[in-house]
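Look at the two complexes coming up: subunit A is in both, with subunit B in one and subunit C in the other.
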Partner chain A sequence: MSSAYLFSILATAAIFTLLALSLNIITGYAGQAMMGIAAFFGIGAYTAAIITTHGGNFLLALLAAIVVSGICGAVLGVISLRLQADFLAITTIGINFVMAALFNSLKITGGTLGLTTTKPVVFGIRMTNFHFFIFTTVLIIIVCLLITKMRHSWFGMALASIENDPGAARSFGINVSKYQILAFTIGTALAGLTGGLYAHRMGFISSSDFAFVVSIQIVSMCVIGGLGTLRGPIFGAVLLSALPEVLRFADDYRELVYALLLVIMVRFMPGGLLGDDSPVWKFLVMIWRKIKPRKKTRADLIAEKAAEEGGQA
Partner chain B sequence: MEELMRIEGLKMYFGGLKAIDGFDLTINKGETLGIIGPNGAGKTTLFNAICGVYKPTAGKVILEGKEVQGTPAYEMAKMGIARTFQISKPLRGLTIFDNIVAAAGVQEYTGIGSYFHKSHTKEIEDKVEAIIHETGLAEVANKKASDVSLGYLRRLEIARVLVTDPKLIMLDEPCAGLSNFAINEITELIFKLKEQNRSIVLIEHNLPLTMRVCDRITVLSYGKKICEGTPEYVKNDEQVIEAYLGKEDED
Partner chain C sequence: MFTQQLMNALAIGSVYALTAMGATLIYGILGILDIANAGAYLIGAYLGWYIYYATGSIVLAFVLSMLAVGVLGILIQKFIYSPILAKPNTLSIIPLVAAVGLFTMSSDLVRLICGPYSYSYNFDFGVTSIKLGPVVLVPAWILIFALTAVLLLILWFILNKTKLGLAWRATANDTEIAKVCGVNTNNAMALSYILGYGFAAAAGIMVGILYNSITPALGEVPSYKMLAIIVLGGLGNPLGTVLAGLFIGFAEVFLSAYTSIPIPKDAIAFVVLIIMLLIKPEGLLGQKNKI
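After this line comes the complex of A and B, so read on.
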């Protein structure tokens, strides 16, 4: 395997990992059914591509992709306040189709011909697949750190509460609508950034790159890996990005494989391969605990003490 | 007695259905007030209209001299009105401990700013631990809420209310679906709250329990108040007996 080929796969995997993480913020942490992430991926991609083809700076183009996609996401967030679960899913599917049709027909997005981008030059380096891989991986690490911090903050607690029970969340002071809009904005902004990277790594984008099928691929990555965890979407994205390379001979049936995997997972392992309740993950944790025992939380200490006292009484 | 909350002419209509039709009530500081009534009388609707889950069709809710009717539920929670749910609403994926931490953050959920504040601080954890002992949840503190029995979930509802240090505690059928043993435990807990001089409004179908713990009882029937007074007075009121048991045939 040539290293150019390897880095081309790795760059793709890294970009889809970042996209899966963006969906995970909306669907995994905040619990909002989002089936049209590719629309925002596309908004970011076209925004960045339009800017650089008009001579704009690549990094500024990425920034614009974040802002434009995030604003569109905020608007969707406001609309979605009136919608629950299934209806929100259908609405976001609709938005994906509408956006794909717009990309395919607007003059500014190149219509059916799409847009051709040039490989950007950052700090004097012309970016190759290798550079895209490194750049995206650094972004993934930053995003993971930011998400970890979120999980330990009141912001993360608010999203977890909403995901579990919006009614209960309201009863202890959480403005559910506000947090839903924030989750949509942050998730779609990140999807926009990913789109900007994708457009320049591919060198060419057209509306089919942002079709509904792509949204389903991203959902599959999250669900197969484990929604609502950090490791799940990363694992799912790497797995599903590598799969077509391994299953070259089955290229025509790729969508069928995704769909089958998705159905099988939802039926038999809804938490995902590496979700908290998955036997695979539990087994891995068990082995890891043999090496490094778990640090006891305050809750563990309280429960242990109560069990001891109960035993004595 | 000092007044905490006053409700004046509260109406809650759903289309043509008059769930609450002109309701007045005064809740005093430090008292335990019971709201009883036959099924479908509008008790839970009344709670929802007071707590901001529903926007009342008309009428006033006055909290410490300030009109608060129609304020969204999350704002009411921040103002110190804490309620439990008839059908308990645990955060199933979280531990009992974290469920209480989530409620303890009532003043912390400010939007994007809340990203910069850690949730599990020592201060918060100390507070949560104290409440866990008070409500008897210690042995299940590290269990997921999806894995504990209804008795614990009912106590969790009360723990989440207490941890916010509220001005007014509103309990919506805290004993529904519990065994006699578990009912006694919850009753004990309510008596403990009474000793702390907390202001409590209690909806309960278990009449003996309501009679025992409440200082005053209001009876609701078809969205209207039909009687109010001490448990002794209410127990012997003809209209109340009629609402519960029906009217004797005149012929």
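After this line comes the complex of A and C, so read on.
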């Protein structure tokens, strides 16, 4: 396996990991049924591609992709306030189809011909797959750190409460509308950034890159890995990006295996392979504890002491 | 020309209504957005083709294909959807993901088993067209009108005049209460699937005859358009679904015939849906389980 080939797979896997993380913010943390993430991925991709083909700077184009996608996401967030879970799922599917149709017919997006981008030059380096892989991985690490921080912040806890029960969250004085819109904005902005990266890594984009199938692929990554966890979408994205390469010998059966895997997963392990309830994850945690026993916390020490005293009495 | 378009719209609308009816019946009881219904449509069309060519009888093709696909539906409900729904705290997109997986599987299995090329029904009506004053009727349209009307009447009869239909309506209203009152909710679910998948199979055969071509990609367009239609009809409302199916059929035929909008025909359903949801989020007739 040549290293160029390896890095092209790794760069793709990294980009889809970032996209899966963006969906995870909306669906995993805020519990909103988003089935059209590819539309926002596409909005970001076309925004960035249009700017760089007109001579704009790559990094500025990425910024524009974040802003435009985020604004569209905020609008969807406002719409989502009016819609129940299933209605929202269908509306987002619809948005995906309409956006893909628009990408395919508008003049500014190149119509059926798509758009061709040139490989950007950042700090004097012409970016190759290797550079895209490094760049995206750094972004993934930053996003993961931010998400971890977010989870422990007021915002993260508010999202968790909305995911659990919006009615109860509202009764505790949490501004559900505000946080829901915010989750949509952040998630779609990240999807837009990913789109900008994707457009320039591929060198060519057309409407089929942002079809509903792509949304389903991203949802599958999150569901197979484990929605609502950080490790799940990353694992799912890497697994599903590598799977087509591994299954190359059985090219004809690839889709079938993919679909079968998906059905088996949601049927027997709806929490995902690495979700909190999954036996696989529990097993891994158990092994980890054997290798590295948990440090005793103060609560443990008090409990032990109490047990000792209880034994003496 | 106008009446011609009208009849065309009515035929397409009827097929949409029939295809979406299955998804509506299933949503009414289980609350699942069952995209896999489009898989039933595809498998129904292929099974119908095989039966038609084996026996030479189109009636047998309709009846046997509907029955077989209906039974398949019950199996899918029993072994896949029910266990998923029985788990606590299931996110609403989980059954939808299962449905997408099942639909992809059905398309791919059909492609692998029957080959990627198209099959033709070559059904001979005996006449090529019927002139009715200024209107030229295609025989396939008449078949579609008649069969849709008959199937919807049967549905109306089952839901409103039989004990099983009463159980269905009670379950659709509130599954828990129905169960407490001694209604066999399992039967109601099975009824949803046998009728829902059976209707989808019939719609598949009708489309196969109308366009004289079936391919493994047959289910792709209905799979998502169906969703737009059942939402427009007010999720879980059979009468609303019929109206919404006709409405989308009309919107598509007339918008693409008389205007030059920059979106393809198949995306119109969703544009209508999005506008509609913003104005009236509860659907055309609201969420009622009556016919």
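In this section, the second predicted complex is superposed on the first by the 286 of 313 C-alpha atoms of A that agree within 3 Å, B and C clash if a C-alpha of one lies under 4 Å from a C-alpha of the other, contacts with A are read in each partner's own complex, and residues count from 1 in each chain.
Heads up, the rule we're going with is that contacts are C-beta pairs under 8 Å (C-beta built on N, C-alpha and C of every residue); 3 or more make two chains touch, one makes a residue touch a chain.
Owing to the predicted nature of the structure, the values given are computational and were not obtained by experimental measurement.
Within the superposed three-chain model, A:303 lies in touch with subunit B and out of touch with subunit C [touch as defined at top].
In the superposition on chain A, A:120 contacts neither subunit B nor subunit C. Contact with subunit C, but none with subunit B, is seen for A:91 once the two complexes are overlaid on the shared chain.
In the superposition on chain A, A:232 makes contact with neither subunit B nor subunit C.
Residue contacts after overlaying the shared chain place A:192 against neither subunit B nor subunit C.
In the superposed model, A:252 makes contact with subunit C only, not with subunit B.
Of the two partner chains placed around the shared chain by superposition, neither subunit B nor subunit C is touched by A:73. When the two complexes are overlaid on their common chain A, residue A:36 makes contact with neither subunit B nor subunit C.
No residue of subunit A is contacted both by subunit B in one complex and by subunit C in the other.
Contacts from subunit A toward subunit B in the complex involve residues 149-150, 152-158, 160-161, 163-165, 167-176, 178-179, 182, 297-300, 302-303, 305-307, 310.
The part of subunit A that touches subunit C in the complex is made up of residues 27, 31, 33, 35, 79, 82-83, 85-87, 89-91, 93-95, 97-98, 101-102, 104-106, 212, 216, 219-220, 223, 227, 252-253, 255-256, 258-260, 262-263, 266-267, 270. Those residues of subunit B lying in contact with subunit A across their complex are 51, 53, 72-74, 77-78, 82-83, 85, 89-98, 101-103, 105-112, 114-120, 125, 128-129, 132, 138-143, 160, 164. Put simply, subunit C touches subunit A in their complex at residues 27, 31, 33, 80, 83-84, 87, 90-98, 100-102, 104-105, 108-109, 112, 224, 227-228, 231, 235, 262-264, 266-267, 270-271, 273-274, 277-278, 281.
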